[in-house]
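The two complexes that follow have subunit A in common; it is paired with subunit B in the first and with subunit C in the second.
Up next is the complex of A and B:
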């Protein structure tokens, strides 16, 4: 007999949300669970985000493993960006945005009012769609956050940290002679790597990347992808991307979002070769989205 | 079918459209030409009327500092030196030069060739250096405004004597002085070193410039911090609700309130209620601060709005608090825009006359203000008052003061443009 595991939240909400593809065979679910032998860094539990009462992210639960790349794919407006911004509470600055549910990071719910949002964001860095270096020198871009958090106390420590961060981001050799040039004078790909260097300067355990390559050419994108591959040894990466080849190349796990719902979340190879849901298949084969 | 399409392409409609476009271009161009020509006419008028005020006629005389007249006792006491009749020294020297008897019936006309205030020059010389007494020294004395105007050719000599500011006898004397090389034309230093006076030849704009400077100083100290921080709060921190909407609408309305209303407010609040001194730059500055506050708030908000959200997100994602993100990253980027707006708001305040009218800064104040509580006037107020005087010499001084005010405004606006071009960041 085919056992069914039904996402309990759909029942709780209302019946009409129960579509066929939201019913996942329990055997599959168990297998999925077994395969996650790695340590879970972030556990998302029933997150619902709404703007002015309009639901943007609908009841999503997923576990994100340590030192893995998790890709979020889906058509525009499906809630990927909203979801990723929940993970370091970037949505807090948006007015009329309400968030329900729990996100557990290292055993602590980050939406607990006692959580220090500054510490959270030093732990979970973020890289944005459009490279957004501050219009200051490359050096100042990197050192801004460490100074803010008191991670460096003197000039030589600062110099070391800038060099280390830029090296890890694979940018040091390109900019070592012009650290005092404006960050905005770099090319798009370099700017994005500067933003990554800026994020890793404060030693986060997770980096969220919201379509980091969408404004870059294929060569710059390839460099960023290589960088992601190197970084994941130390850092857990969650990446939103529109580029399915990119998701397939860089990620271990892929989540497919559609209309604010998590349709399918599984190993990247499974998603791209043998998706369980019709909508996933439709999206990855380019039939919609 | 195809012939219709061909006809369509060559139809007169498209040429009609081109004509319309041409017409629009001509209209726009002529509007610009009209505006520019008006500006040029304005500048030419002011400059042609005002440039002559920047030089001044002086009369070079050999003044004999006669000891018998100044200090017959030889005690050199300050009171004696202070009260001596220095005018007599001047008239004696003049009469000697022109070979006129001091009892000549028209001798008073000759005396009035030299500025009435010239005895002060001699007194200051003596007080500075009493050893000058008994010597004969060549001194360039300021000519009276009528002589000045005649030398500058502003007085027509063709009209009859009784309708003329200057008599035939005086003209004769002036011509004699001229032929002997005693009439000099020098740069009008007085205009920049003296304050208002009833005598045009010794009046200057120094007091008005200092008054304006004090007013602006007070206005900057008050309106910039209040305006900028109010704008930062409204733009970045305040929740968008009905109250903030109401405040925003009212700030925009406030920017359109006639400036005389701010003057009335200053009169009733600062002078009548807080009893701050009347005619003082502190009150003027407060009124101008209130007047420029809405402009500064609006400009600051616009500059903050122009900083892309990605900068805020970038800082916040690095663990900066909202306040740190705004003060460390957003505000520095908005600063060039804010500076530009502040300078333009202050340039407007510098040229403002109406609010000063209500708080008594439009007054005859011959003293140069020292403190911000001293009675003072401001440049536009000085222009307004001089424009009221009937003397021909004040007409050119009015234009000269306008030129000075305009040059201040041009410098301020040029600074604003420079800051905008130099420091504005592009994304």
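Up next is the complex of A and C:
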């Protein structure tokens, strides 16, 4: 009998998309997780999200290329945060939230009932608007999840992973002498980089960033932007931002959302110099809010 | 085009447009005065044209400052970005046209020293063509009429052709009588300046097309139109006959 990952019962609220999916063997899922090839392309197929029957994201389809930064822009309430939260099933915990459609990661629909959400979220990490380090030491912030997932077995491995993750997040030199200090004692920018280090410690293929710089000053934002540029060589990044200059600086592809619909998805250079849709043009040039 | 939510942005863009119109108005009058000084061999008008070119240069510098300020404060994107960049380029071309008008005035200052009875070849046809294209391109900047812009761009072949005809005429005139050489070199200089103005008008047309559509005009001209344009642009009078005739004259 095949061993399966079992699912959150919340997911059964909408059964439409689940019926035709195949059961995924645990071995296959784990293999994908440990894969270093990072052949990740997220294929979003007809995703519709409703809260209490009210559509927030309307029939969106797009392909997200691996090792690229994809920026999601649009006015407040346009559905971009709802959409990004679909990508690692963060919306599953919201009451009366219905999700239709498919999101294919490594050939597997992440909304397949057999997919373990915990495992999924190790593969698709998330960084939020406000830095949210655990009320623990810097060291523990990094090593908490790898320990939980059995990625480290001894102190030496833990030390190496903490150093590697903090270095990749560009934070190690600033905190190497105070790894036992509380994560919350760091500055806002450092806390955000600690959250990124925490996310990359478990070797994700994709990182979702929901306005990661909105609470940071320009210098701390610039450091995060530089970090995004470095990380994209290994990780696919999807970023929601209200700062259009930031979207233009960091991303290869940009998607413009309006009233829950994907209005335009194209190369960032095209979107910001010669968008094809009137609504995109109106938004990026500040002609409507 | 809808207005910006921040009204100050629209005001800044309007200021740039007004400034371009101010420069183009001044350049247009410079061209007219330069032509008048040439026709009437009036040294005073020529001096006036030379002096007034400094004003165009100053206006161009002001436009650069305004654009830099707009970039820093408004961070324009898409059509706004194309508009500001194109405006800088258009202003630069207008400033160059101003310089060409100054050069024409300098040539006319030289020609005005010639004896009154010495005939000087007329550049009327070439001037009228260039002047008409200039007015059209200035209007197109305000009207954003792409059909007109395309027609102006293609019409540069006519300017080149007209220059070539004038060049041939001047050459014949010089070969007829060596006394004409001095005045003819000045006429060629004027004609060359007018031909260069034609090129700058073509550049302005390109920039208008680019900021309105986001596309380059050369990519949007049909292959048939382009073929005709290139053929006309490459038009060169066979001047060997002129030299053959001249040789015969010398032998005689």
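Assume the second predicted complex is superposed on the first by the 249 of 289 C-alpha atoms of A that agree within 3 Å, B and C clash if a C-alpha of one lies under 4 Å from a C-alpha of the other, contacts with A are read in each partner's own complex, and residues count from 1 in each chain.
We adopt the following convention: contacts are C-beta pairs under 8 Å (C-beta built on N, C-alpha and C of every residue); 3 or more make two chains touch, one makes a residue touch a chain.
What you see is a predicted model, and the numbers here were worked out from it, not measured in a lab.
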| note | Counting residues of subunit A touched by each of subunit B and subunit C, the higher count belongs to B
| query | Touching A:144, do we find subunit B (first), subunit C (second), both, or neither? | reply | first
| task | Once the structures are superposed on A, label A:75 by its partner contacts, choosing first (subunit B), second (subunit C), both or neither. | result | neither
| message | Quick check on the superposed pair: does A:281 touch subunit B, subunit C, both, or neither? Answer first, second, both or neither. | response | second
| message | If we overlay the two complexes on their shared chain A, which of subunit B and subunit C does A:245 touch? Say first, second, both or neither. | response | second
| message | Quick check on the superposed pair: does A:188 touch subunit B, subunit C, both, or neither? Answer first, second, both or neither. | response | neither
| request: In the overlay, answer first, second, both or neither for which of subunit B and subunit C A:95 touches. | output: first
| request: Report the residues of subunit A in contact with subunit B in the complex, numbered from low to high. | output: 88, 90, 93, 95, 117-122, 125-126, 128, 130, 132-135, 144-145, 148-149, 184, 195, 198-199, 202
| message | Which residues of subunit C touch subunit A once you look at their complex with the stated criterion? | response | 1-6, 9, 75-82, 214-215
| query | Which residues, counting only subunit A, touch subunit C once they are in their complex? | reply | 244-245, 248, 272-275, 281-282, 284-289
| remark: Listed in rising order, the residues of subunit B that touch subunit A in the complex are 239-240, 308, 310-322, 324, 328-329, 333, 425-427
